[in-house]
Structure formats: structure tokens, C-alpha cells
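Reading through the C-alpha cells given below for one structure.
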């Protein structure tokens, strides 16, 4: 039988997003709303998550919705507002592109392009991202094999962009009590068998607010390099995915416990950057 | 939208196995070989896992094997030897019954009856176990909905035996790089929505030795009440499931890191019982 | 690449049930209620399906129910009544055993032991059935690989009973609009790669009455050796699985179209046996 | 309980592709290679499938490949050749677009745009196709719920293009003996519950040449409006998916048996169009 070692292989590809190195010894927290809905909502969320220790912002501009009748995102009209909020808070944005033609439009709004689960197999999009200078957060297709996920990443890296972060966000299984099934086996496997950083999206993975923090803790313990989590000041009013959004207070409570677990495994949270021009507030 | 609280609901049903309460504030570790193969193998494993802090022994006597040509377990001929090893180490055994007719035979050999994943739907067996005084560790069927798992537990509890421990051991999905897909969503969900203790079997869930500890840490972080893990002194010689068995040293390393994570979440490992007649050895 | 032939391999193991050879050139139809509920219900169903051309009866005596609170079947008290109905109609019964201890009890009531999907991995039961003289209809576990299904059959055949009929009844997938996902790939695969007859249960596979006939036609076209289908005189009153039961008229309509498809592929329905003592009635 | 009728609802949306109405009483056969590899390969295949009764051609120009290192299709350089072959054989082409920017390029090469399984969720692409005049063959995502598939079709129809043909091509499940699991439940369900035509791709669904015809027969019997099937003159030399390609002779044998089954259910094959300029040859 095989002789496996117990040694963990750290990511050899460290990816820098907005001043934070992902895949190194520190743990990265990306937080924000599912969809960016308005200046007020986005700014309040950004300030709130920053106050609790988040490093980067998430927030959808173009949404992939199962039904054509659902809210499709604010689109290009929100760019100036988004840049204002990022500047005001000193935080960088990770946001999804759903079509290769959006890359140029959004280039100076985001620090990291997100490829959503439903686009993991959109090789035309991946090839374009392989020609960009900014990093790519590649979510696993909800029915993609680990090997397919890694090969999708290669569509980006062979194009010349080595800065890919893998993101496990739950897979589709027979279970229906939770939105998807978070596959932490895949996180452990990808950490051992690829050179790329791996983060976890517990929000989409479980889809139930009260369970999101527990799965974030599990993600940290299994060895993920970070998490990306949905937060909304008033989840009941969210235009998408309100069921799984943490409130700002939920997020704060989660960050405190996460911090203790990360300490126990010598994997500290990144220290927040002190950005010129960023608003300062008490925690 | 719903108003979920962030409060965790502790198990209201605490199950005592061999002097350890499962479902209370302490974390329980059950360890041992997949199959009990010989006195030497079982004793060496038992002494080794006890030295590293395990609380209870696991070990198969009748094995559920996909092929009728594979090793089917030592069966009744091993009972005296097993009782000797338990006495010598002061540890109690959790072991699987695969047929209702075995319950009476094995009654004084085990402290807890295990129902395997392939028998979760064996309602004839569950009904018999509902009439016993000893606790039942009920593994989730590898394709069972959480709701079916909970209803299977009711087959035992409605019969008069309230002492059921749920055990998540991985579900069958499309992914093939790992043996099964560990469903920690289900653990978080069951902890919040049932009154029963929930433990995790990371060994069957992932099936790859090098990844078992990472998933054990995740299980602790997500809020499980314990783990059941396969250990073999020489995995390459194991008659079943050698690929996923930890060596005694792997187990020791894992227990050290697990202990630190549990401390961080105020969920200490049980203190080992001092059993009269048990062998004492240095860690 | 491989060189596959287009030749179909007929079953080399022909299994005789109640005078009908399953796996040979003729197609076999097994029909009846999910559960045997009363003399009236069972007799009316039996006479009705016989009038439309069914060959064998199905009907549950002990039911595997997800909840312990659901109807569990009439059990042993119904044996005399069942024998009466079989005698009166000249038909033989295929019925499920859910526990090895039932085999002896039910031996002279059934002509074929059915092993349900949830018991495919119940190797204790399979081993007992391997020692019997009567044939075994082995349903595929709803999450069993084809290879596991074939190996489960071997638990019976290595015990000395070669008379196993495989039955595909739908697998559990992510799809929820239908009860299960009928896997006709598996039927085609098993026909080409095993020596055993293969039949299909369209009722459990789809779980929606209006779709059952279409899937029965597909089963015939793909090369199955027969079908087992649920019929109830008044599905709305059924104690189990009423949603998927055909009415007697649905069954009659289905048999007519099935007959035409089978003719087109030179796979005729068995001629019904003329049993002494059987009731004669007009169609 | 529900009162379902046994009546089938014929497609109310009949889609015309290259002179053949899909969704009406006749059955349509689309055949051709996985990838168009050369003039010789494409012409030989086209003539061969036409001789056996196929109505429309399939053939990939841009391929969605898991690995960036695999053959990606001939692309735009093949357009003139393809138009020649279509003209020479009097057949129209159904071919996949993998990026919205390809629609304009390929517009006069194809009579029907195919959306592949991995692009079913590519809503940017679907929206563009909603603005075209030519029909769209929408493959089901290999992990898409039936409801998601129907909603994906709405992305096209709400845009103003009502001509969508649904295509079931197998879903991803735990089974690995076959490439995917053909879900004929979904075909029966979609026929009863939507107004769109539904066809089946048995080639990708099973992935094993010897089993493709059996599943094509099942598709016809279940009530599909047509099939799309892969054929290659020399499968062993195919640049993609050779394992599942029928030879020209396999295809001929299949068409003969399919014809008999369709006759039995009063669902005849379309009569082939007599196109001016098309080559005439003996069968």
C-alpha cells in the first residue's frame, strides 16, 4: 500500500490581493453582501466587516440567477459608487465576471476577478482571464470533480496568469436540508496535491445563516487559506441570498471565535492594512 | 425571511459509553482498527491509542464487505480475546452488529452497538436495538438524507432505548478523488436540530490516511461531540481499509493538534478514566 | 481504443418463477399493490392485472418504512388470505423479506423472494437466501454502484442459489422533481456484462403515476427482461406509495402499448399460463 | 392525493430546423461526429448518416474540453469547408457556440445553435441567443435540476426567440461504470410539463458505443421527439469522444431497429427532404 506522509504542503503559489498574501501563513477573510444593492447597503456592510477584522470586500455586480426574472445586479452604473466605497474604507473588492466582455469594463473596479461556480467550465472566460494581470478567484463548479477544477485553473495559468485562488463552495448532492454539501475533503485534497491557495465559501455551501459560522471554523481547522462569507446589514431585506447572509453582529461573533481557532493552529489572521484615506473606526 | 438565532443547542440526550458521557461539554475519541485481526494487532493498537489519549476502542468483528470473497471478520471465536484486551487496557469496545441475531451473542463483549452505514435502513435490526439497555452508535447511510437518519434513530428510541449517538461518516457523491464526501453541513444541522449527540468518522469519510487528521480537526471545529477513527500499527498489513488507517504515531500527532483546537473552543477532551486492572504506560 | 461489438448477450441464467422463465426471449410483467392491505384490495388488484396480461403478482407483507410510525405491513396474519388469492387467480407472488428470520415463515407463500433496495447491502440476509431453493429478485440499492449490485448477487449465487434476477428501481441523485432517477444505462450495462436477467421497476424509479407507463416502455426498448409495477384499484386510498400506483385501467392501457413495442423488437410478452382452479373472467 | 391524467401533452412549440419540424408527430435524428476534424471525415460521416436516414448533421467546431491541452476544435478556419459539405449533402448543421462572440461569426454556417451542458448556466450566452432568429438546442447541465433547465430555456424565450429544443444528455451521479446517467424520467417529465420539444443525446449519456443504440431505443419509447447521436467513420481515430461514437454501420443497424419501434408507437421518422444539389447515393 501507499506510503503517505503526514506533512502538509503549503501553497507554493502565493497570491497577492489588495496587499494581502493568500496562501501564506496568514488567514484571509473576504466579506460583504451577495449583491451590491445600493451605496448605503454596501458602505454599511464594508465598514461593519472591516471593524470586525475582514481584509477584503466581496459583492456581486452582475448576478448569475436561475430565473431571468430575478434581480440581475446593478451592473456598470454602480462602478463609481463602488470605487468610492472601496476608497473610503481602504478595502479592495473581489467580484464576479460572468462574461469575457465584462473584464475590460470592470478592470479598475476590482482587485480580483471571481469566477462563479456556474462559470467554472466557461473556458472562453477562463482563457481571457489568463491574459490579465489581476488575480482570479476560481470557485469550484457545484458538480465539478476536483480534477476538473484543477484543470479549469490551468486554463488561466497556461495563459500566463499564475495568480489563481481555488474556492470550494459546496457541491450538489442528494441532500436537501442544506443548500449544498460543503466538501472539506476537497480542500484537504487540493491543499496536499496542488500548489494553489484554497479558500472556502461557507455561505453558499450551507445556505443557512445559523450554520455558516460553524462551517467557517471547520474550514479554518481543515487548513484552508481563508474564507469568503456573505454579510448583510439587514438580511431580511436582501435582494438575493438573504437566508445565508450573516448580520454584522453575527460576523463579529464569528470572527472572535475564528481568531481563537486560528491561534491554536498557528495560522493567524492577517493584520489589517492601514490604508491612507481609509476611514478609521473603533471595533 | 426566517429569524434564526446563532445560539447552539447542546445535545439534551447525553449518552454514557464505558464511563464517558457523549454529547456533554467534553469531546470523546474512539479509536482502533477497522477489523480486529489478532490478539497482537488489537492489543498493540489498544495500548497505543490509549497512550495518546483515546477513550474508547473501535474494532470490527463481523465485517460488511462488498465482495463475499473478502475477509469477513473473526466472528464469535474472538470474543474471549477481545474481552481480555479490553480488561487489560481498561477500555470499552464499540463494535458493529450486522444482524439482529448477533445482539445476544455479543452483548457482554461491547459497551456500545454500532450500526454501520449499510445497515442504517435495516429496520429489523434497529427495532431489536431499541429493546436493549446498551447505547447505539448509528452511522448515517452513505446515501441517507439527514431526515432519514434522524427517523432511523427513532426506530431505536421509540422502542425504549434513548441512547443513540449519530455518526456522520461521509456520503456518496460524484467525487471520486476521495472515498466519500464528509458532510459537515449535516453535523452542524443535526447538532442544531436534534437532541442527540453527533460524532464524526473522518477515516471512512475521506479514505486517505494523510487527510484524516485535517478532517478530524474540522469535525472538532464544526461542533461534533467526538470522532471515531481507524488506527493500525502497520496499515500496509491491514486486512481491510489499510489506506485510511492512521499509524500509532500519526494518531499521537493528531491528538496533540486536536487537543489545542478543542482548548480554543472550550471543548476539552475527556480525562481518561483510571481503570483498576488497566495497564499503565508512559505517553 | 476498445473494440466493442454491437451484439447483445442474452442472459445465460434463465430464472423460472411460477412457471415463467425470466431472461429468455419472452418479457415478464409482475404487477400488484405496493402493500397488501386486505383480501378485497389484493384480490381485486390480482384479478385486474391478470385480466390485462400480467404474469406474476407483487405485494408487500412487511414494509421498509422510513418512519417507524408508518404502516409496516400486515405481516404473518395475512398469509392464509394471500395463499387463497394466489390460488383463486392462479398467480404466484413475488414479495419482500426484510429480515433473515422471515424466510422460513414466508417460504410457502412466495415463489420468489424480493430483496428491497435498502437491503441490497444486507449480506446476512443475502447469505441466507443463497441457501434457499426459490429465486431471488435483487433490487439495486438506490445508491449502489452497478459493480456492488453484481457483487451483492454473488452473495446469493456463491451460497448455491443461482436464481437471481437483478432489478433496477431508480437511484438517488440531486434531482427532486421525480422520486428517483431511473438508470437505464445500468440495465443496458448489466445485460451486456452479466449473465443474470435484469428487470425494471418504473414505479419506484419515477414515483409519479402519469410517467410510469412511459418509463415502462423505455425499459422494454432498452432490453430489460421484464417490469415490476405497482397497481392499486383506488390509489388515493393506498396505505403506501399511492402517488405512483397505476389504476387498473392505467395498467390495461399500458399493457396494450407495451405489447406493440415488444412486438416491434421481437420480444413477446409471455403467454399467460392456464392454471387449474384459476378464476376465468372476461377482459 | 393528486389526480393525474394519463394523457400526454404534445409539444405546443414546434421548432423548425433545416426543414424538419421538431416536436410534432415525426421523430428527428441528428447525427455526426463529436468534432469536425477534416473535410474527409466530415463528408464521409455526413454521407453515411444521410444514407441511413439521418435528418440533420451535428459536429463540433469549438470544443469545450476539460483540459486546455486537448484538441479545441478547428474553429473559424473550417467554415467554408463545412458549408461545402452541408451543400453537397443537402443537410443542415446543428453546432455548439461556447461564447456569445461566436454567434455572429457562425451565423450562416449553422441552422441551429447548440448550447452545451457546461454552458446551460451561461446566461450571458443564453440572452444573446434570445435575440437571434435561429433555433437553439439547449442541453441540460449535467448537474442541473429539471426546473433550472426550464428556467435556462426561459432566458432564451423571454428574449424573443421561442425556438428552443430541450436536450437531455445524462446527468452526473455516483455511478462510474457509464459516463453519465441518462435521465429519461426528466424526458417524460419535461414532455408532460413544458411546451418545448425534448430530444435525447444517448452518446454522451452513456459514453460506451455498444450501449448507445439501446438507449436511443429507450429514448424513442419514452416519448422523446428525437435523438442527437455521435457517429465517426473510424472511432478509434477520433480526436474526441471516440469511445462513444457509432461506426457508420452501427448507425445503420440502429436506424433500422429504431424505425420499427417508432412505427409501433405511431411516431414515424421524418421523411428525408429532397434537396436540390444534394448528392445522391445508394444505401
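A, B, C and D label the chains in the order they appear, each numbered from 1.
We adopt the following convention: contacts are C-beta pairs under 8 Å (C-beta built on N, C-alpha and C of every residue); 3 or more make two chains touch, one makes a residue touch a chain.
Each chain and its UniProt protein: A, B, C, D = Phospho-2-dehydro-3-deoxyheptonate aldolase.
A quick note: this is a predicted structure, and the numbers were derived from the prediction, not measured.
Any chain touching subunit B that also touches subunit C appears here: A, D.
The chain pair with the larger count of C-beta pairs in contact, out of B-D and A-B, is A-B. Centroids built from CA atoms put subunit D at 50 Å from subunit B. A separation of 34 Å divides the Cα centre of subunit A from that of subunit B.
Across the assembly, subunit C contributes residues 143, 172-174, 176 that each touch 2 or more other chains. Contacts from subunit B toward subunit A in the complex involve residues 1-6, 8, 143, 145-147, 170-171, 173-178, 180-186, 188-189, 191-192, 205-206, 208-211, 213-215, 217-223, 235-236, 242-243, 250, 253, 257, 260-261, 263-265. Interface residues of subunit D, counted against subunit B in their complex, comprise 143, 172-174, 176.
Residues 64-69, 98-101, 118-119, 121-124, 127, 141-143, 148, 151-152, 154-155, 158, 172 of subunit C are the ones that touch subunit B when the two sit in their complex.
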